[in-house]
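First the structure, then my questions, so here it is.
Should a chain be cited, it is by its letter among A, B, C, D, E and F, assigned in written order, with residues numbered from 1 in that chain.
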Amino acid sequence: MKDLLAKAETLTEALPWIKAAWGTTVVVKYGGATMTDAVLREMVASDLVLMKLVGINPVIVHGGGPEITSFMERLGMPVEFFDGMRVTDDAAMEVVKMVLVGKVNKELVSAINGHGRLAVGISGDDANLIKARPVSERLGRVGEVEAIDTTVVTHLIEDGFIPVIATVGYGDDGGSYNINADLVAGDMAAALGAAKVIFLTDVDGLYADFDAKDSLISALSLAEAEGLIAEDRLSSGMIPKVGACARALRGGVPRAHILNGKVPHAVLLEVFTDEGVGTMITADGNHPAATESALGAGRG
Amino acid sequence: MKDLLAKAETLTEALPWIKAAWGTTVVVKYGGATMTDAVLREMVASDLVLMKLVGINPVIVHGGGPEITSFMERLGMPVEFFDGMRVTDDAAMEVVKMVLVGKVNKELVSAINGHGRLAVGISGDDANLIKARPVSERLGRVGEVEAIDTTVVTHLIEDGFIPVIATVGYGDDGGSYNINADLVAGDMAAALGAAKVIFLTDVDGLYADFDAKDSLISALSLAEAEGLIAEDRLSSGMIPKVGACARALRGGVPRAHILNGKVPHAVLLEVFTDEGVGTMITADGNHPAATESALGAGRG
Amino acid sequence: MKDLLAKAETLTEALPWIKAAWGTTVVVKYGGATMTDAVLREMVASDLVLMKLVGINPVIVHGGGPEITSFMERLGMPVEFFDGMRVTDDAAMEVVKMVLVGKVNKELVSAINGHGRLAVGISGDDANLIKARPVSERLGRVGEVEAIDTTVVTHLIEDGFIPVIATVGYGDDGGSYNINADLVAGDMAAALGAAKVIFLTDVDGLYADFDAKDSLISALSLAEAEGLIAEDRLSSGMIPKVGACARALRGGVPRAHILNGKVPHAVLLEVFTDEGVGTMITADGNHPAATESALGAGRG
Amino acid sequence: MKDLLAKAETLTEALPWIKAAWGTTVVVKYGGATMTDAVLREMVASDLVLMKLVGINPVIVHGGGPEITSFMERLGMPVEFFDGMRVTDDAAMEVVKMVLVGKVNKELVSAINGHGRLAVGISGDDANLIKARPVSERLGRVGEVEAIDTTVVTHLIEDGFIPVIATVGYGDDGGSYNINADLVAGDMAAALGAAKVIFLTDVDGLYADFDAKDSLISALSLAEAEGLIAEDRLSSGMIPKVGACARALRGGVPRAHILNGKVPHAVLLEVFTDEGVGTMITADGNHPAATESALGAGRG
Amino acid sequence: MKDLLAKAETLTEALPWIKAAWGTTVVVKYGGATMTDAVLREMVASDLVLMKLVGINPVIVHGGGPEITSFMERLGMPVEFFDGMRVTDDAAMEVVKMVLVGKVNKELVSAINGHGRLAVGISGDDANLIKARPVSERLGRVGEVEAIDTTVVTHLIEDGFIPVIATVGYGDDGGSYNINADLVAGDMAAALGAAKVIFLTDVDGLYADFDAKDSLISALSLAEAEGLIAEDRLSSGMIPKVGACARALRGGVPRAHILNGKVPHAVLLEVFTDEGVGTMITADGNHPAATESALGAGRG
Amino acid sequence: MKDLLAKAETLTEALPWIKAAWGTTVVVKYGGATMTDAVLREMVASDLVLMKLVGINPVIVHGGGPEITSFMERLGMPVEFFDGMRVTDDAAMEVVKMVLVGKVNKELVSAINGHGRLAVGISGDDANLIKARPVSERLGRVGEVEAIDTTVVTHLIEDGFIPVIATVGYGDDGGSYNINADLVAGDMAAALGAAKVIFLTDVDGLYADFDAKDSLISALSLAEAEGLIAEDRLSSGMIPKVGACARALRGGVPRAHILNGKVPHAVLLEVFTDEGVGTMITADGNHPAATESALGAGRG
């Protein structure tokens, strides 16, 4: 019975967070260990389904990760990186796309759809969702976002689905581009007017001192986060995440979160509990002032 | 962190129940201690809000309880019971209605609306919701349900509200009738095609032997429940509840639950956890075979 | 046959008024003798039903009147007035609410619903309709309107119902406040963008000289009405009515009417005949220039 | 004041009739003196507008009447009747259509639209509303209804308009047919599921003895009406009206009325007063049992 | 097979034009030989049906042409022109209206409806579509457009119909006015926000030198077209067309076309092929820059 | 000009076919040379866009074809066929899915979306569209359709998109199955209530004698087609097509077509011209009697 009471308290603790988030859109960048570990993937899937059922509209954005290299090697193709980005010729792009769209995307879609007809996996090609342009000649078919046409995403949300988006973009030349999924997530959140964007990574968040595990920063302002970069105090993996957070925040998204996807149900805890997990970046480092809730003014 | 994990597991445990209940209507008979104890009332209110936000449509039905007698005594009116029912003349009916509609109803409405513009309190008079006829000449304005016109209730649900219904009915003679709230709850659940009806009482459920606290029955069939009545093995307070359960089950409602409203968050635990609490009555004593979910066929 | 012709002419006379009012909202402050006289109440009810069926959306606002004092006395509670307002402690507030919501409201709802499933009675608690703040410490739970959230009223109108509103408000402290119904009617008309607000009273309107029965003013400007107050030429009962008219007119309602509810079918005659009855107050004392009708530009 | 009371009573008298008719479709066969007398036409127009505004959907059906002969004579065309029907060759058909569609139809449309953008005049050609076949070779382009496609009429009603229909039909040969407007009205009422069909004529109704002005029949059954024909007791002008009533009644329309359009506001009095005017034919000679009203079960 | 390939290429050639026009409204002034030649009328009709089915919304505007004179002469009425316009007294107006609404309108409606329930013929009287005022006392009931209320036209379009509009207007005096159909077409295109307006005439377009058949101008600016008028280089029949084009262009319509209706399927070729036919007038003489298509940004 | 006339005639020829197909769904099995030849693919894409824009709803179904073998060989995986079907273990299934979903699907999607935001590519995993079960243990993850949930497809159609479906199904075991695309196309057409299903292949249709190129059968009944199989007169490639046609026809689809995708614009010619191309199979070998068109009964 004591156990039951604890359960009831946990469910009740979620209520104010559900009220605040009800009817909003939340973009989740899916990545890291959650992509490769089937157990973590199932957890992320059930967290997303729970969000959807309680009235939040999750939109998932993902890249391809380590599987691309693995397939390219199996196909005997050269794997080259430049400035931390994969040099991508046409043949590589074909493999990138197959892995992203035909494997990674459908693995998450299937995990979600074990719960019902919820997820629909699409890519930047579908309904001309993501238009891309090349980053540099050197990198070939590595692209950056030129424009996002959210028509198909908003239709899928209204139809009751969870869109799962592989970050391939189409270019003026008719070919495809591989785009960094963090940046797409940031831009997508801004384009959709999302209430928050969550980046699932393999670390717990930003550290004031990245050698000191106890220096995890719970909340900071965008200026502070960019200060950490300027002072070279962030790990290299965090720099593009902070850049993507900046895209979202400057595009009007009130909150950006960096979470460790290895923490079971990290998304759930972030969205539905008092503690939250990981690091939250906002425009000014504080919880944004609540706008009028979809449920009207509260009392008292 | 261990604590967080437990929280995450509790939230996750709720997922299959939310999936099953999503989009359904649940009628809750509000009564007993939850009506008079403000702390319990707040808990019921937050449970109902949580249900509403996660896609379940709660409809509350309530009577007046002990407050009616108290007001009648303060007004110096005679209080008489016959066969366990309050003898109700026109003057008494006026008081009944004021207490039900003007006090008990708005207390629950206010508790719910502390969370947002959710509850709307109505009575059987509103939009001709409940038509009543007299039970017997001896009892005066004690009535039973003749017809339910659910128009206003379904409109309020579609408009995003939680209807809270005081069980006063209107009669052919233009006057009002006081109707047993358990029976209205059972009929209302049937009329709305509800997925379940929950009776909040002050006891834990039905007992195989009502002197033995450890003989609480977790689930039984309607035939078994009616057998307990025939064998005179139920407390007198439980007999009308079982009668109301029978009305609902025969009207097509798959499940009826009798819960102890004094258990904190009893409704929540019943709807969102594996254990459930109290006694469940179904047509055959088993969990009803799932009909197709609103989320389509599951997998696996 | 001559009689029939007269009937036809009366019906035809209503046509231009129906055309002008079609699709508009009209707030009616229900009060005075119409609240206590069952015959007059039936007439008001049928007038409101007729308005609804011919495409006008009536919204009724009412207070509690003399019945509150009567119940308080029967309960042996002290009755005290200060500055013309009832001093209201928590115990008195409970009685106020029961009488308003559980008795007066449902009497009018029932009278209307004798014609079909039309009226739905609510109070300021329902869907957080009326937020109140205290007027003064001395008066206890006497409140004034702080905010109106018209969500539930507009939903009820769209669903085909006639909302009947008891003027209890909720406060920051979770408790209720008793608000002057005239002022709520004025504010409600402004919040709903009503085409007119009608105050049903027990006198025929405003008098140029309130000792001279033949000095009834048929139409005047708000400035003129406020001038009458400044010159102390209005009866004390009319002062809050004019104040409420001012709230409505300054909030954009084109016309405010003060009618004698004892005149049979006063509302009907005001809305559907050439003569009108009682006193009309407008911004400038003239009939407001017609805005484009819902039926398009007329001809000729 | 006494006069005002009489007005109020007349308006109130209309209420039960409005309640009963609210949301229903009423087909009015426009004809006789109302077509040629501008004052009567204005009265019919305002009656139809009033019906529309109070929630009834009038649909008007009309033929061409005496104006056709007049134009044919002015054009020097031969005018020939056979069996009471105009022998109509192609040249005559052209004139028929111009008078019906270009003159009679627009005269009524204009009279109605003096009140606002309400009437839309169409013919059987528009949206393939009325398909016709020839009655006999002898009569040329005189047709009878083969099929009615109500699509455009129901769209116009839903769009808030009053359809005014000229009874020209299209044939398999691509040409037009002139169809008796009484019969079209009867068939149209059946096709639309109308609540009643009203025939405006120049006599007061059916007479038990057509020489005795005091023998007007107020209500009779279809069998009785057809009995009067069989016994040769009806004037020749009434026979096709009764035939059209029969088409409507057999097609499910509960009531058919024959009224004298010279009586000012005859339609209004029929629809909105206790007395009614003219003759009502129903399946069994009684007022049809009310089906459930659009406003739900009444009380008492 | 080679033949089939040519067909396929023609259909494919239409694709970009369909994409560009999809969902837009196109006003077609129907006139000249297409009104009197049944074969040309059938072609226009099938072109309009094709436009409708491929997602373009054609709206047809027409006058009466030579048939009016013919009927007036048959009726022995004087036919007088002044300044190129028909002097129109009340009797003439009656004939004008019958020919326009009862004959010319229904001939085109019937030709279209041979393909299905598509066309609905209306006039300026219907739903108060076109309000007119007199041009001059001398001309009697010759009018010009004072106001257009597009309500009925947009409803008919949304309901899936092709509106066919006879250019009779109603005046303040309750009477009708005959309005030049070219001018109505220009104003109607502006009022509807049409993507183009097409004038079907009996000449091929504007000529740089109207004696030289090879000097047809394919495209020019409005300023150039008005320059041709100023220099007296246009035939008199073209001057009102250019005036109507100017009304449309100044009202925001991007393109105006003058086509020879004697060219089989001229409308079709204009809308669906690379070549186009006739003369196009635009604000600056160039193809207007494409606004964003209803299908989103294209690729490449 | 003569050329223009030919173009106009071709466009006009398409009109009756557009009328008949307007608003219907057509399933196209995309396959053979159209999948591998970029020029043919562009043609198919523009044909599908044209269909969509003229009011037909194309739904594309495709398998993977020769590219799967090519990738498997590049990855050094064994390629084995049994009974004409690819033996598919888990590793092979992963490759199948990547090629179908990540390459073939997006190639067609991109070709279509060159025309605007039209195509959305999905697979049987998305929104649990296609549930599969294994065909035999020997074949591993080769599946057959167990159930189709068309929810996402109908939503995409209503949202204005062209669904492009890769024929991977999900199984009870959480894994994927490769399903013959012909059979999915047949079942999908039946599940969607399609008006026709078109199979694009590399041959011209069915031959009465498959050695005689001039024995192509233009139309035949299902019984005749199955007779050809029974008599062993069809090429082996045609047998599953005929089987898929049978599934569609028995599921209520009126027409099944087998076309040569190498014929430029074969789909277009089939849908929009008199000749048609390839072989049509219907229940009885005749053109199915037209059901009532979406445009109503025609004339004449």
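As a convention for this text, contacts are C-beta pairs under 8 Å (C-beta built on N, C-alpha and C of every residue); 3 or more make two chains touch, one makes a residue touch a chain.
A quick note: this is a predicted structure, and the numbers were derived from the prediction, not measured.
> Look at both sides of the subunit B and subunit F contact and report whether the same residue positions are involved, with over half shared, or different ones.
The interface is built from different residue numbers on each side, given that under half of them are used by both copies.
> Hey, how far is the Cα centre of subunit A from the one of subunit B, in Å?
Computed from C-alpha means, the inter-chain centre distance equals 42 Å.
> Mind checking the centre-to-centre distance between subunit D and subunit F? Centres are C-alpha means, answer in whole Å.
For subunit D versus subunit F, the centre distance works out to 54 Å.
> With chain centres taken as the means of their Cα atoms, state the distance from subunit A to subunit E in Å.
Centre-to-centre distance between subunit A and subunit E: 54 Å.
> Using Cα averages as centroids, what's the distance between subunit D and subunit E in whole Å?
36
> Which residues does subunit C have that touch at least 2 chains other than itself?
110, 113-114, 116-118, 127-128, 149, 151, 170, 174, 296-297, 299-300
> Are the chains arranged, by touching, as a line, ring, star, complete graph, or other?
Drawn as a graph, the chains match no named shape, so other.
> Under the definition above, what is the set of subunit B residues touching subunit D in their complex?
127-128, 131, 147, 149, 151, 170, 172-174
> Quick check on the complex: what are the subunit D residues that touch subunit C?
4-15, 18-19, 22, 43, 46-47, 49-50, 53-55, 110, 113-118, 263-265, 268-269, 272-273, 275, 277, 293, 295-300
> Which bits of subunit E are touching subunit A when the two form their complex?
296-297, 299-300
> If we count contacts the way the header does, which residues on subunit D are in touch with subunit E in the complex?
Going through subunit D, the ones touching subunit E are 74-76, 94, 97-103, 105-106, 109-110, 113-114, 116-123, 125-128, 149, 151-152, 155-156, 159, 161, 168, 170, 174, 176.
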